[in-house]
Structures are given as C-alpha cells and as structure tokens.
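Okay, structure first, notes after.
Order of writing sets the labels: A, B, C and D. Residues in every chain begin at 1.
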C-alpha cells in the first residue's frame, strides 16, 4: 500500500474543509497554540516512515501519555493493576465524579482521568523518582532522548486542576490512593505535559502494533497478551464518551489528548499520529478525527 | 492454523473446569435447559467448518439476534438509523432506564434492549409483516430454511416483559417510537426467540468476517463500511457492562445472549459460536467467555 | 384575623402582576382552559369560609388527588403502606424513573407519580370497585355529593400516559405492583380527573388542619398521628423538585396539580385552595405559588 | 404543659430500650466518646428551662453548626445567598458528589456538606478573621462566652477530610468557590468542631422558635421571614436523606450532627436539644431520633 500517496490525498482533503471546533482554553500554554496546524505521521512495521504537514512540530500530548504510563505500570505490576482500576468504558465524560462515587472509588478504566491518576499512584509507590523514571521509559519506547516535560504546562495544570484534585480526594476517601495527593498529582500533570511530534508519537506506539515488541530494536516492551489488552482498552475507552464513535468511524484502537493529538495503531501493520489543535465538543481533535476516518475508509485498513 | 486441534484442546480444558454461574430463570423455557451442555463451532473464510460437543443442538439465541436485526435495518435505512440510536457503550446493565431518561429517549446503542427495540420499531415501520421478513433475512444470511422462532419462548417473554414494556413506553413518551407498542414488542420477543445451533450461528455471521460479503454465496449482505461498523458496535457494546472485559480478555467483536450463546468474528479470518447455558453475574455465558478467552490467548488470534 | 380583607388585598396584587407560565399541554382537556382564571378559597377551623374570583369554578385537581387516595389507603392499611413506598423527598421531577431503578422499584414517596400508582394498586387490591369507593370517600371528606370524575380527561390521560405506563411496568418488574397494570392505571387516571372547585377543595382538606377530624361533622377521617404524617409528607414532598422552594417561600404543607390548583393547610388554623392554570417550569401554578407566598408573608401565618 | 414530667417519662422509656447504632469512627476524638450518654434539654419561650441526663456535658455539635453559620451568612448577605446554594432536599447522602456535578457546582441546600462549605466561603470573603467572628456570633446567640472550638477535633477532621476536599475542589472547578480552598476548609472544620451542651444548644436555637428574636434578650437575630425560612430549610433538608423520615416521625424543623446531637424547634413554643452518640445507618443519633419521636407523639406537639 502506498501510504505516502494516501496520506497526501487525505491531507489535502481535510485541509480543504472548514477547520471547526475550539482549542483547549483552560491553560494559556494550550490556548496560545496556532490552530491552523495539522500534522500526520505513519510508521509501519515493515519500515515505512512517512509524514506530512506539521509532523515535526512538538505539541502537548496530554492524555495520550496515559497509554505510556499504563504500559509502564502494567509491566511493573501485571494484573495486580486491575484490582484498582477497571477495563470498562465509562459512558461519561473524562473527568466525571459520578461513576467514581457509584463504584466506591474504583475508576472504570485507566484512560479517564481518575484511572490515570491511580496508575500514577502506583508509579509513585514503585519509584523513588517517578517523573524521572517515566520520562526515561517514554524516551526508551520512542528511542529518542529529546523528549521532555514542559515545566510551564505542568505548573499551569497543577494550578487549575480543581477537578483532578476532586477526583483524587474522592478516591483517597475510598482508600484507592496510597500516596500523598500532591506527589501523585505532580506526576500526573508532568506526564500530561510531555511534548512530542507526530513522528515521535507514531514511533513510540509501534510496539503496540507489533504484539508488544519494538519492531526496530526487537526489544520486548510488553508481553503479547498485555500488548493486546492495552489495545483493547484503547479501543473501548480511548475517547471518553466518544469511544464508540471512534470505533465506529475509524475502527482502530487509539487515544486522544486535549492538545489536539490522536494516536492509533493497526495491529500487525502500522501506527499513526495526527495532530490539529481545534477540538470537537467531546474534546477530541476535530481534524484529527476527520483525517483518521477518511484514512481508514479510503484504505479499508481497520481492525474490523 | 489447525483449528480442529485447538478447539479440541480448549474444549477439553474448559470441560475440566467447574461449570459455574446461573441459568436464566425468568421464563420456564430457558430455565429448563440442561446446564451441562457445551457446544462450539468455527467457520473460516477459507472454508474450514469445525465444531465440537453440542454444536448441532438448537438453543435460544436471544440478544444475539440484535446483530441480525440491526444488519437488516442498516441495509434498509443506512445512516438514518443513527438519528434514533447511538453507537456508544452504555456503561450500564442491558435493561437500564437511567441512561434513557438522561438522553431523552435515545438509546446508547442497538445492542442494549432499548436500542434493539428502536430497531424493531424501524422494521415494523418498513414491513407489512416484519416477523416474516426478519425470519426470511436470518434464513438467507444463514443459508438455512430450518431456522424458526420458538412460539412458546416468545409468548413467555411477552408475558413477563415488564422492563421492556417500561423501556418502550419511556421512549414513546420521548417520541422515539413510531408504531403501536404491542406490535413492536411482539417483533422484539419473537426475534429473541429465534433458535439456532452453534454451527448455524457461526455460518450466519461469516459475512461480518468478510467485509459484508457472504464468502460462500458471494452475496453482499452489507457494504464494507457498514460491515466494519457493525463489528465496531459489537466490539464496544456487545456485552453490556462487560464489553470492556470481553475486549480485554477475548479481543474480538462479539455478541452474547441470555440463552448462553456467544458469537464472535475475527475479520478476514473466521466466525465462531459457543454455547453453554450457565451465565456469569453480568448475564454472559460463563463457559462461553472462558472458552473464547482461552481460544484467542492460545491462538494469538485477536483483532488487537 | 380578617381573612376576607387579606385575601382581597393579595388577590388584587397578584392579579396586577404579569400572568406568566404555560398551561399544561399534553391533553386537550387541560390545554383548552381559560388561562386568565384565578380563584382562592379559605376555610378556617372556627367556621370562616371566604373566597374570591373563580373559586366556584370546577377544575381538574390532578395530583392534588394523591393526598386523598393516600389518606384512604392509610386509613385502610396503616403503616403497612411504608413497606411499598417511602416518605423521603425525591430530589427529582415528578415522573422520573432514575430513582425507581436505583431503589429497586420502591418509590420515594406517595406524592410522585410512581408512589401514587402504588397507592392505587393497594386500593385496587382492597376494593371490588375502587373507582366508586374512592369517589365515595372524596365526596365524604368534602361533604359534597356533586364531585365527579371527568371521563374525557381520564380517557385522554390513559391514551397518552406512556411515562406512567413505563413507571408501573418498571415497578411490576421489581415486584411492587400486585394487580393488573391496566386496572391500576385506570384508577390512577380517573383519580387525577377529579374535578372540584377551590371552595370544595379547601373544605375537603379541613380535616388535615384539625388533627384528622372534620371540624364540622366531627367525623374522624384519620388518627392524630396519621394526619400529622400526611401533612409532613405534603411538606417535604408535595411539590416535586420544588418542595423545598414551597416550604421556603410559603411554609405550609401543601400539594399542587398540573391543572393549576394548589391546596395548603395551616394545622390548627385553616386550609386554603388556589387555582390558576398557568404553570411555572417545575409544573406548579405560577400565580398559585405567588398568591400563597404573599398570603403567608403578609399574615405571618406559616408553620415555621 | 408539664415539660419536666414528659421529659422524665420519655427519658426513662428511651433509656430502657436497646442502645443501637454505631458511634462515628472517622476521627479518634469522636470514636472515643462514651456511647452510653444521653442528654436532653428543652427551653421554652415562656421561660421554662428543663433538662435531664447528660445535658450539661459538652459534645461536638458537628453539622448542627451549619444552621448557625447559615444564620450568620443570611444576616450578612440576605437573599444573595440563594444564587450560590439551593433550598431543595437533595435526596442523597450528606457528602454526595453526584448531585453537585449534575447541578454544575450549585449545592442543593446549605445543610449538606457542599452547601455548608459554600456558606463558609461567603464568610471567608466577608470577614478578615472568620473563625473569630463565627465564634463570637455563636457565643452571642447562645449568650454564653464559654463556647469554644475543639482544636484537636478540627485538626483531625482537616487531616482526613478527603471527601470535603473533593467537594470543594469540584465546586471551585465550577466557579462556585471564591477563596483559597485551605482557608475555607479550615473555617468549615473549626465550625464543625464547636462543642456545646444540650442546655447551651437549646438556648442558642431559641430565636428560631420566636420568629428570629431572642426571647430573653429581645435581640433580633434574623427577620421574621428569614427565621421562618431557616426553619423551612431545616424541615426539608436537616437530616440528609432521612429528612422526610424525621418530618414524618417527629414533625419539627431540626438538624443533626455526627457527634450524636439533634436540635429541633417548635415555632412559637420551644427549642429542644438531644444528644446520644450512637448513630443509625443514615448518620443521625439513634436514641436522639427515638426520643424526639416519642416526645412529639406523646405531647402532640409538632408543626403538623
């Protein structure tokens, strides 16, 4: 398949449409991004590596990082994880407290904020310096030492993160947070502040398209079963209350972030990252969703 | 891949475990089934057709039929459907009214009872004799004229279906049911009373493993895109509030019924049907879930 | 206290304000009422009986009748009632199904539709001809043989009562309805169709202002304790999700209906009925609420 | 009425029953209280002042203090309050986040934790030293300079108050908290740590039985209308999801605290405080509820 040609065609098409939606407004670092940017990058298992537009521009990956922290915690703790966080779609927005109260402090899945905070709590319990270790892990899977946190984004998120503070306190009240709240939120906000390019993201997620093994270094990041399970969680839970819509339209396991990035993988074939800052009403990149829908429709490449 | 050998091995393993769970109790026709039965059947795109145990015994397919009625309605009405029913996982049990009230009478997806009832309403609007037409369609995709409703099951369900009557009345109050309530519930209960064997079920679902085309007759049941979308809906919504768990453990689009049947498809490869009457707490076949988990774990065959 | 003078003053004041709100639209019999009408009538324990405006015009008392059916059932069954219906405010609209699902089919209180339907089920179990007996009871407490059901209103409500049908079916699914659904809904809709004037209503509720004893006939309708409890239920639950607002502004136990009527009692002093057809957003008479707020504010007559 | 005699009789009766329920466990200062204690004190408008048992023992008044902080804020800000907190019963437990998320950060009423926290926020905005001013106000209405915070209780509550921290952060996320979270929670926890005896409590609440005027000093604490409204809020919201039950059984406006205290007022007649540390499942004093039910049943003294 000529990925380059398809990407060019879809890119041109999406560029020609109106660029709808709103950029994330809650911190200045996100709201000041140029909303016209659009980047896309595909990395295939057989070594193709093609991109277009702003695919070499760093952006805030935000919730996409939840997949990487989950991978690290899953590697460290195995199925012990699932005592503290579920694998079911939530049917509610990403930061809802309703479900958490109903389920006694056990988040529905690790892709919503509450679940990702529990994963951070697990990392804080395990590492003396969790931020440093998480960063080292991300650099390892991306095979790229240039990836870094954005200190200013992390501090901004910490300063306005009332809802996340509400979530973690509610879970602490139910006994599902072991560590000091400030330490855990610190890791969580730094994690979300990670900056990567589309090229770096699609490279970093390649192991999930290859049964847990990095196809370039042949390093095993996750076992076969665990790799499939991370994909399954992305498929059912990666887009909050639009997870079904993404499955329905795009048909790939994927994860979005409020920075406008989306990454998706086609097991046995490729990983793909798209970025465009304007978000639809559910908080997912407007043009990113459009791009991926066109891409899988035109190529017929979906898991279904 | 030697499906016969794998199936034999997994079958023996699952048979050796304790047969936990409860048989459905709400109508006598379901509660009187012999709970020790276990059947499995795989049909592959390249023509293999292998089964074991009680795979030639008819059972009540119940909610599995929702996939077939959805297919028929999708063929007839296309994307008009999605104005009246969503594609998001519900995060709640199959017969919950809470979500329906919150979303003003629009069911989350066509796999929960409320959504399947809306699909029946669409069929009642379209056909003069919807029961006859639905049966004809099921016989066509199964290429089998012996499939039939079980009158006694249908009448039993009609007589105790208070919750479904509540659901349809609530939707009617919101204006999302066009036809007479009794006509729609009649179709719904007959649809759920369909009886098929594992062999017939796996045969009938083959088109969903083949991009919408029956691989034997070459007849196009659904377009490529729509076939993928039906699979996507099964993946995210096919097991009520255990949909994530099924994705996580089995990794295939699938659908269960309270009769103890489960059908799943591996796009481009095969469809599989399992049946064992005892249900776990979420209402899905206890041994059916175990069988499919072992099957995809041992074969590495999952969409992820 | 010169009730006549106060009523005249408040009446003039409320009449001078804009007549806001919407008349009930769901059945023609209610929507065709002249919205400019306003009636009020006060009956005191010491024999005063004064009214103004349209206080001799019959109107559909609708949910106000729930207090009378509760009184009858309470008299017949005593505290057995509270096994099947609670006494807590619901915090939700009058016809919500959410709470009912959460509480396993036990309605929060007998003033919301679900609770009143359970009361009707109890009356259907007790009487061979429950409509006739309920009517006889209402005529008795009102000391007025002219009170009647409005057949046309009852039939209209039966024909569009999808939400009530949903409620009763959900309760039947939970085992909290003993009788045939149609029989119970028939009684419920006839009960709501009762027509009375403000004068008749305030007369009928006098026993609740007098510890359960009709002050004119000296007949004991309810025991002291039960009479106080019916008042307590009106106080906390009589205005659906505006019950707190009514307590806050008016400070009397009371009950409203979508026909635009409100009745309230001041224990040891008087009962009062107001009627004006336009409803506020919560479904309570716009001018009725204003009248009672002015009335208790100016007289200082409230239970608090 | 011979209050002394009635109180002695009811006291003996309640003492003779089993002392059921659990003492509050979440902080050591509450869990270490002797559970056998029972105190009661009545203060009447005409100057009677009678008590029994442990009515001169200080205890932690906890949520009862919410009525006093509401009174102070209402005096300062008038009806501006109701833009930030409602007057409806919540239908949910005292510390639920569900309603708060649904209503966009506006608590249902000032008697649940979230609402009382908003009231504290208002006091923090108004006073340079809110703790000192609140204490001065409580001493003033109680006419007693010996009332004090319990520093150790306040600090314990601050250290384990995860759920209250969740509530205030959620409200802050919705823009309904103006001040620094720590300042507001500090005031809230000190307020709840107030210690008073039954005698002091019944004295302090006398103004609510007398239309807002302290009957001894003749000082006007609240206007007539506002006093009635505070009573109305206690009536419909004072016992969380047992408010209806308290109205039903006791029939007086009242407020409970997890320290085991309950205070209630009978407008135009008296105020009464009861204290016994064991709590029923809803978090209200087991023997306190029994005492008040017997007391109003035997005296016939209730607002209904």
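The rule we apply is simple: a contact is a pair of C-beta atoms (placed from the backbone, for glycine too) under 8 Å apart; a residue touches a chain by one contact, two chains touch by 3 or more.
Here the structure is a predicted model, which is why all the values come from computation and not from measurement.
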What is the chain whose Cα centre is as far as it gets from that of chain A?
-> C
Distance from the mean Cα position of chain D to that of chain A, given in whole angstrom | 47
Give, as an integer number of Å, the spacing between the C-alpha centres of chain B and chain A.
-> 32
Using mean CA coordinates as chain centres, what's the chain B-chain D distance in Å?
-> 55
Multi-chain contact sites of chain A, meaning residues that touch two or more partners = none
May I ask you to sort the chain touch graph into line, ring, star, complete or other?
-> ring
Chain A touches which residues of chain B in the complex?
-> 86-92, 99, 108-109, 211, 224-225, 227-229, 231-233, 235-237, 241-245, 247-248, 251, 253, 267, 297, 300, 302-304
Which of the residues in chain D end up touching chain A in this complex?
-> 96-98, 100-102, 162-163, 165-167, 169-170, 172-173
